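Per-chain numbering from 1; labels A, B, C and D assigned in written order.
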């Protein structure tokens, strides 16, 4: 009964094509955004910011990027970690060599550099499909990881190979305390999610989805496969690049190439698959799940009072993690987003059985 | 809907001509020295028994296959190496023998996908979706709504195409092809697997498209009744060779066609 | 059915945020323990973590904590991954009545990541035998304590030993020394000192990085076989160490010409190669393997009450003993802080920092603690956070480690200027004014 | 200079054979069930751990026998709990399921067998053999262990090739790989076939695990060797056994030659901090081949029909 769209008729095409045509959805999302900006900062403590909210938001941005490439355009990629590294090091070098540049420009530059590299490594996708492409994108992952560990210019000749970021500030306001960092990340993520939603609803999104579903038919109705696939790689790498820069600047502070290794690519791929391929909401749900699960598992013995050695806990973490992935894939191959949709449908009937 | 592109060819002139095209896959010869033309505004049928090379012919016209010999001239200019999206750009649209719709999208989105070539706004505007991008989106949405009304599929606008019955899927595919506002529409067995009542609907649509929009149509069909009623001229292919090219009445009486269909030892 | 799953997922998410940490009694000193007991670095991480945990149990059991303040600790697994290490630090730094007393990251990568954070959170970093070599200069790195030796010290001691074998530093001219190192901040630390020494004495250097986790080294050792360096220095960690020694056996490079840093010279590194590792040398962080007087207390107070985290015969191994020593230095620092800021009270991070900076462990204090013959006196000052710069070379004879040299002290004429300009470069970059805290 | 090149080449070829051994497991399961099994690395680790720990308490032969039993049981559990509910799902869902299985086996293996470094000694002497001492200074070094491993691999490959081509179950396996439904429709017991395939892949994992285990010591990082086998797969094609061998040889030799010869050149020209180009060079090499043949050297051509 809570979720009934009876009586909500659209009079204009614009209204019909809105992001959330059903009023309940609209209020829910506006409520969520307002909660994020206004209510949460009141009671969230430092640990909640740095270990839960900021990682989930930044990684969902990367998950959105990968979702655009794999969920909407059907190109499987395992190179996410490498593209995040490109964003991080591009931002670091720009901030180092031109210290006064505004933080927004730094992150935009990071996105653009990752976009360029993404397109370059997207070219094989024109001839290669499916798992061959996934393994081909591993070439970009290992090459980028190697380049940032070896070419000294990227890490400003630091003998240790690890680079660090100084004090951040935006239009004069310092971004130091966890809350400021959180609000900055939240603002960027909300804006970029809206941009992603608009791209997906528009012409570009349809081209991606057409290429995903049947690329021959797409070609025949006038969609150039080169344009569709490379634009997907470009936009996806832009999102991943910005997320890489955010991860380095706001989450880590000081990092080395190993922070963006192959495990990062797998982590983001897990988020997209568990969250739900081809759904922005799925990217957020997947990111939240993958970030919270290990933390929750580490604290579980403490809560239940069973003394466990850390080795056992971390082995358990591996096992439960693997089991959860298999469980979710069996129960709902289309991920948490579909579960959410089913829940909404249940809400439509809720007190009544049918 | 405005008339097809203001092409300089007057009605009745040759819109597309196929000059002795030969297509072979390794040893297998699909088409051998086939030549025929399609005049502007007419409904041209291509018939022949199974495996005669009808779909291959369509694929050559639409640039999916590259013929080993011969050429095709469309709207006056002869083209050699052509990719399918160049054909689409030039104004050739088509439907498929076994429906090739985008399963992950709704019927409305499938038809809107047909508008891709017509929409011009760049990424930046699409991202903001305000001002010019929004007006463009709305304007093209209006155009698509006209096609939806024309094909009477208003009810299934938001339904993912995978859930639609076969007949409606064929209609959505026709809608997508019409959304490209083509000069030449290639229909590959639009009525295959349909019952009588659906066939009548589809025939009415084809005639309306031809009259209302003046679109030239090349039709591949097995149902002789439909072919004879709808088409102005008929090409008959058999084993990749053209054996007849005339009006429906002449073709009906042509002995070679009857042998091809009824099967005579060659 | 699916609604039930959704309910469980939501409960899980809520469970985490509304989580109340188990409240700790007031009079306890909390010390976090960043460990790795799984993954490619477990073979070295496990004995070290056991050593630390057992020493805290010993202090609690034998002397009922430090002047009556019992030690509580909590382990957090981070598998030698820098970002998970930072995550563990963030989670454990506020626990206990006065927060974390100090942090032992056991990873140079995590040390780089935490250097700035610990300065703002006011929690000292004890990086015994690792960390940033320039953090020895306490006037700039107020919160870092690379006690007993940095990697510049280790590599300098090895070079002094090689020079003595060759008959003097001038004999090194024209020789070729290779460094096989773990491709991370840890592995890259000695490169600066080796290049500096190479410039002074004219020997050739050859740097061969091994990518994480160090399983694939065939090409590296084929290069060594072809270029024939006179000596090979090994800066590996985890499974990389044993793989290096096995590959050396495979290409026939004499193990007697191989010298490992104190983190590449423990039993888990040499046992897998069985007989092949005989003759392999490593520099010692002062101590070597074996059981000392402190082990007797350990047996009576901990292992007899089967509280020990390792098997008794493993307690003599190098990394376990190093864990004991590291915990001992931490406890002594807290004890020194309590002398000044009040006995019988848990110390804050800032007070422990003062304790560390004024750590003075004399020879008879070492005897009292049961580490005689193992350690030399350690004197930490604001300028010198290293405290001691001595070490020896030990050799694996197939069954256990034998000391094969007498004490060396790293040459400050070479290292001091390097520390000076590296520290000043860091100070200018981070806008820190050099000087001692209170 | 010729001596080192030949030596590196031989070393590379032998390492390539070891990669092929791991790649074989991938090919087997992909060829017979269309599943890109990312858990092969974890299975190699699990097999190596079980052989190592068992051989501590019993002679090697018994340890291997029990390990075979363990791997068959593991295969049954995977098939029953993971694959059966996911029949007819698209490739990416099955790929993700194997990723989940890989994590589970990693955790489970280390919980049961422990995460220290264990030894497997196959009784093969470890010191190297030297040839052509006269011709080249220092002779050509060949690692006896790897030669033995190459022999093991050759036997396995021959056996599997025959198994696939000749035997009835082999043909059934290939039918299942093409189309699950079609195979089921002609009465091939799909689940039974998958059980065989995963069990055989488990046995191949034991062989790979023992060889890599004796070379590197049995430890968690063995499961990362799977990442070295991927370029072999894309070069040789996912569906061909000879492809895995040829791919392994090319990648192994190419990787080692690049590291030893190309590495120093790159370091000088770009003033890099060290070489280590093996990892990405193998993938780039495979990628170049892939651009010419998008389905690998021996893989079946993908034909698109509309």
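Just so it is clear, contacts are C-beta pairs under 8 Å (C-beta built on N, C-alpha and C of every residue); 3 or more make two chains touch, one makes a residue touch a chain.
Please read all numbers here as calculations on a predicted model, not as lab measurements.
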Which chains are in contact with both chain A and chain C?
D
Among all chains, whose Cα centre is located farthest from the one for chain D?
B
How many angstrom lie between the CA centroids of chain B and chain C, rounded to a whole number?
74
Taking each chain's mean CA coordinate, chain A and chain B are separated, in whole Å, by 41
Taking each chain's centre as the mean of its CA atoms, chain C sits from chain D at a distance in Å of 37
For chain B versus chain D, what separation do you get between their C-alpha means, in angstrom?
49
Two or more other chains are touched by the chain B residues 64, 96, 100
Among all residues of chain C, those touching at least two other chains are 37-38, 42, 46, 183, 188, 209, 211
Counting only residues that touch at least 2 other chains, which ones in chain D make the list?
110, 115, 273-276, 279, 306
State the interface residues of chain D toward chain C in the complex, per the touch definition above.
4, 7-8, 11, 15, 110, 115-117, 119, 121, 126-128, 138, 141, 143, 145, 215-217, 219-222, 224-225, 228, 255-256, 259-260, 263, 273-276, 278-279
So, in the complex, the side of chain A touching chain B is made of residues 13-14, 17, 195, 198-199, 201-204, 206-207, 209-210, 212-214, 216-224, 231, 235, 278
Show me the residue ranges of chain D that touch chain A in the complex, using the header's touch definition.
36, 81-82, 85-86, 89, 91-93, 95-97, 99-108, 110-111, 115, 227, 230-231, 233-234, 238, 270-277, 279-280, 283-284, 286-287, 290-291, 294-296, 302, 304, 306
Could you list, by residue number, the parts of chain C that touch chain D in their complex?
37-40, 42-43, 46, 183, 188, 207-211, 213-216, 218-220, 222-223, 225-226, 238-239, 242-243, 246, 249-252, 268, 271-272, 274, 276
Would you pull the chain A residues touching chain D in the complex into a rising list?
76, 124, 127-132, 135-136, 138-139, 142-143, 145-146, 149-152, 161, 216-217, 220, 262, 266, 269-270, 273, 277, 311-312, 315-326, 329-330, 333
